[in-house]
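These are the structures in question, set out in turn.
Note that chain A is present in both complexes that follow, paired respectively with chain B and with chain C.
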Partner chain A sequence: MSNKEKLIDIFVTTFGLTPAEAEGAVFKNTPAWDSVGHVNLMNAIEEGFGISLEPDDILDCKSFAQAETMIAKY
Partner chain B sequence: MGYLTTRNVKIVGLSACVPKRIEENIDLPFFVDQAEAEKVVASTGIARKRVCEDGVTGSDLAKPAIVRLLADLGWSADSVDCLFYVSMTRDYIAPQTACILQHELGLSESAFVMDLPLGCSGWVYGMSVAGSMMQTGQMKRGLVICAETNTKNRNKKDRGVRPLFGDAATVTALEYDVSAKPMNFVLNVDGSGWKAVHMPYGGMRNPTTPECLVEVEIEPGVVRKGTDMIVNGMDVFSFAIKRPPQQLKDLVEHFNVDLASVDYLLLHQANKFIDEKIRRSLKLPPEKVPYSMQDFGNVTNASIPLVMVTQIGEVLRNGAKHCLACGFGVGLAWGSVEFYVKNAIVSDLMEV
Partner chain C sequence: MYRLDFEGIAVVSDDGRKLTYPELANACDKWARNVPRRSLVFLLVKNNLNSLIAYVGALRNGIVPLMLDADINRDSLDRFLDAYRPLAIYNGKEDSWTKVNEDSPPLNDELALLLTTSGSTGSPKLVRQSYKNIEANTASIIEYLKLDATEKAITTLPMNYTYGLSIINSHLNCGATMLMTARGIMEREFWTFFNEHGATSFGGVPYTYEMLDRLMFFRRKLPTLRTMTQAGGKILVPLHEKFAKYAAENGKNFVVMYGQCEATARMSYLPPDRALDKIGSMGIVIPGGKFSLIDVDGKEITEPEVTGELVYKGDNVTLGYAENAGDLAKGDERGGVLVTGDMAKFDEDGFYYIVGRKKRFLKIFGNRVNLDETERLIKANFPNLDCACGGVDDKMKIFVTDASFSQQIRDFVVDKTHLNFTAFELVVIPVIPKNDSGKTLYSELH
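Moving on, here comes the complex of A and B:
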C-alpha cells in the first residue's frame, strides 16, 4: 500500500468520508474535522506511519494535500 | 522576563475532594454510536469525569478537603496565615469566596485571604503568589485552594466541551521553612487570545439578560446560552501544542534544571495527545508523567494537584521528589514551576 493510499484510509476512517472525498478534504469543509477530529487525525497519522509530528506541522496541516506533503518530510 | 524565584516556602500537604457522581463519556447522548464515543475517549484520553449535583459549589468541594488536610497536618484553622482561592467558578461574583471560607473554616480575622480568578494555569500562578507573600516569614502557613465546578458553565448539549471537563477541588498547604529549596517559576500571558476560552455574558461587559439565557444551536451538536463557556478547540489546541513546551524548555534553561534529576513532570490535564507531545519534547520517559485525566477529565486549575494526590500521593508521602509542573489555558495564560516535595502529608481522596 502506498503512502497516499494509507493516508486516504486514515481520512476515510477518521472522518467517515469516501475515498474520493478524502482526497479533496479541507479542514473548513469537513464537518467532522474539528479540534477533536484534528487530534484523531494526527494520532492516526503518527500511528499509521510510525512518526512523531512536530507542532508546526500539526498546526499547518489543514487539508489532505498538506497532510501528504507533511508525511513526505518524515 | 516572567521569571520568579521564591525562597523559604515548601509544600507540606495536599488534599483533594471530588463529587461522587461519575459521568462516563461512552454514555453521552450526542455520539452517533459507540464507535464515535470510543474514538473521542481515545483521542482525548478522558474516559469519565466527576460531576457535582445541582446546588453544589466549588467551596462545597473545597471545605471537606481543607478540614481533612488541616487535621492531617495537625494545624488549627486559626494558625493559617493566608488562603488563596483559585477559581473561575466562584460561589458569587461578590464577595470573594475566600472571605466566605475564612468565616466558615474559622480562620483568624488577621488571615490574608483572596480569590485568584485563574483557570488552567491557576495552580502555578497561585503557588507563585502564595510563595511570594510567604517568603519573608511574616506569614508562616498558607493554603492554595483550586476549586472548579466546570460542569456548571459548560452546556450539556455542547459536544465540544462536555466530554472534557470535570469538577474537583484541591488544597496545597505551604509552610515557611528557611531550609526549603527555592521554587522557580516562568509565567507568561498572551491576552490577544482571550476569546479562545471565554464566557461572554454574566459579567459587567455583557450583563445577564433574559435573552442571553436562551439556548441557541451554534452548529450541529453545539448548543449554548450566553452564560456558557465558549471553548474554541482549535485556538486552544494551537496554543497548547506550542507555548507550554517552549516555556518548560525556557524554565530548564534559565534555572539550569538538571532534567535527569527530575522525578515528575506534572502537566495540566487537558488532552493526552498534547501532554505526550510536551513529555517527548523534554525527552522524559512515560513513568515520569502521571495522568489523572482518564478518570477525572480536565479539572482546569485543580488538574496538577489532583494528579499529585491521586497518582503519586504515596510517593510524595515518602522521600524527596524533584518536580516540574506546567499549567496552561484561559487568558491565554501559562505557567511552569520547578519545586521539591519531601515527606508531604497527602490526604486520601475525598468524595462528596
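Moving on, here comes the complex of A and C:
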C-alpha cells in the first residue's frame, strides 16, 4: 500500500468518509474534523506510519494535501 | 454589574479591532438602543467582538439574553423559539437581527440571563440566572483568582457555555482585557494571537488539557502566561499532576475548579499553592459560599472521608429552571440552596473530592450529556429497538441489540449533541440486561 492509500484509509476510518471525500478533507469543513477529530487524526497517523509528530506539524496539518506533505518529511 | 467604568483596553479581537472601556460601553449601549428593556432576545454567539458587545449590551440594559451557539442546528433553534417566543434573534457571527415576535413574554424583574444546561440533547430546558447571581459569582472569582486590570484572558471556551461566560464576566468587571478569538488551541493563529497580545490566562475543560499535552505544551515558550484554570469535569489525576508540576516549576498557577450552570458558574477552587499536594481534589468552597455533605438519611456529614451528596449555599445559586416562556415570570425557587447531584467527600484538611454522580450523565468534552435522555431520544427515533447508554466521561457507550442500525444511531446522536462522533461507541450485545421489573441493570453493561 502506498503512503497515499494508507493516508486515505486513515482519513476514511477517523472521520467516517468515503475515499473521495477523504482526499478533499479540510479542517473545520469536514464535519468530524474539529479539534477533537484533529487529535484523533494525529494519533492515527502516528500509529499508522510509526512516526512521532512535532507540535508545529500538528498545528499546520489542516487538509488532506497538507497531511500528505507532512508525512513525506518523516 | 457591567458598569464598565474603567480606563484601558477592554477587548482585543483577532480581526484587529481594539476597544477601550469607554468605547465598549458606547458600542454596547448603541447595540441595545432599539431594544426595549425587559425583553427576551436570543443571542447566537461566537467568540468575536459582535457577540461580546451584544452580551454585555444586553446585561447593561436590562435585556435578557438566551445564549446559543451561532452554529446551532435549525431544529434545535426552532424548539427554543417555540418554547420561549423571544422578541428577536441577534446573530453575532453575521451581525444581523431577525425580529420574530411582536412582543416579549413577561420576565421576572430579577432575571438576567438564560443558559442551556451545557451540551443539552436538544432539550429546551434552561437555567435562569439573576443579576445578583452573576454579581456574586463574579466578585468571588475576581477575589479568589486575585484578578486585576493587568490580566489579559484569551478565549478558549464558547460564550454560550457558563464557564466561558464566567471568564468574560470576571475580567470585564475588574478592568482587565479580553482577547477574543474564535480560533482554537489546535490552530496556529490562536498561538500567534496569544503571543502578540501577551495573554496571561486561559481556561480549559479536561479535554483541553489532553490536547495541550498532545501539543507538547510544556515545550512552548509562553512568558506572559500566569494562570491556567480547569473546570467542566474532573481532570484525570496524571494530567492534574503534570500541569500542576509544570506550573510550580515555571512560576505559573494551575487552578482546578468545580462548578455548575445551576450555581451561575463556580462553587469551589483548589488554591494553586495546594495544586501539587491535593491532586485529585476540587478544593475548597469559593468566597461567600458554603458546602455541606448530606448522607442518605438527610443528615449532615461531619467526619472526613465519608461520602455524601454535595449541597452548596450561596448568592450564586440560580433562580431555577425554565421549560417554557411562562416560567420566565417565576422568581427564586431555590432560596440560595443547590443540591448538586454530585457525591463528594472531604479530607482531614477540609479539601473536597468528587467521587461520583447521583444522576446518570456524562461530561463529554466539558458538556453535560444525560444518559437517560439520550436513551429516550434513540428509542423514540428508532422504534422497536432496545438500547441502553453508559460509559465514562468523554466516551459514551451505546448498547444495542441490533447491529443494523449502528451507523444511523451514531449519526443521530452526533446530530443531536453536536459532539465529535468518536465520543460515541456502539456496542452490540445479545440482550440488554434487566431486572424483574424491567429496569435496565446498568452495572452489568460493559
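Note that in this section the second predicted complex is superposed on the first by the 74 of 74 C-alpha atoms of A that agree within 3 Å, B and C clash if a C-alpha of one lies under 4 Å from a C-alpha of the other, contacts with A are read in each partner's own complex, and residues count from 1 in each chain.
In this section, a contact is a pair of C-beta atoms (placed from the backbone, for glycine too) under 8 Å apart; a residue touches a chain by one contact, two chains touch by 3 or more.
Everything numeric here is computed off the predicted structure, so don't read it as measured data.
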{"item": "Which superposed partner A:34 touches (first chain B, second chain C, both, neither)", "value": "both"}
{"item": "Touching partner for A:24 - first (chain B), second (chain C), both, neither", "value": "neither"}
{"item": "Partner chain(s) touched by A:60 [first = chain B, second = chain C, both, neither]", "value": "second"}
{"item": "Contacts of A:42 with chain B and chain C, given as first, second, both or neither", "value": "both"}
{"item": "Intersection of chain A interface sets (partners chain B, chain C)", "value": "34-36, 38-40, 42-43, 55, 58-59"}
{"item": "Footprint of chain C on chain A - complex, ascending", "value": "14, 16, 32, 34-40, 42-43, 55, 58-60, 62"}
{"item": "Parts of chain A lying in touch with chain B, wherever the complex brings them together", "value": "31, 34-36, 38-40, 42-43, 52, 55-56, 58-59"}
{"item": "Chain A-facing residues of chain C, complex", "value": "184-188, 191, 207, 210-211, 214-216, 219-220, 365, 419-423"}
{"item": "Touching residues (chain side chain B, partner chain A) in the complex", "value": "39-40, 42-44, 160, 220, 233-234, 236-238, 241-242, 245, 271, 273, 277, 280"}
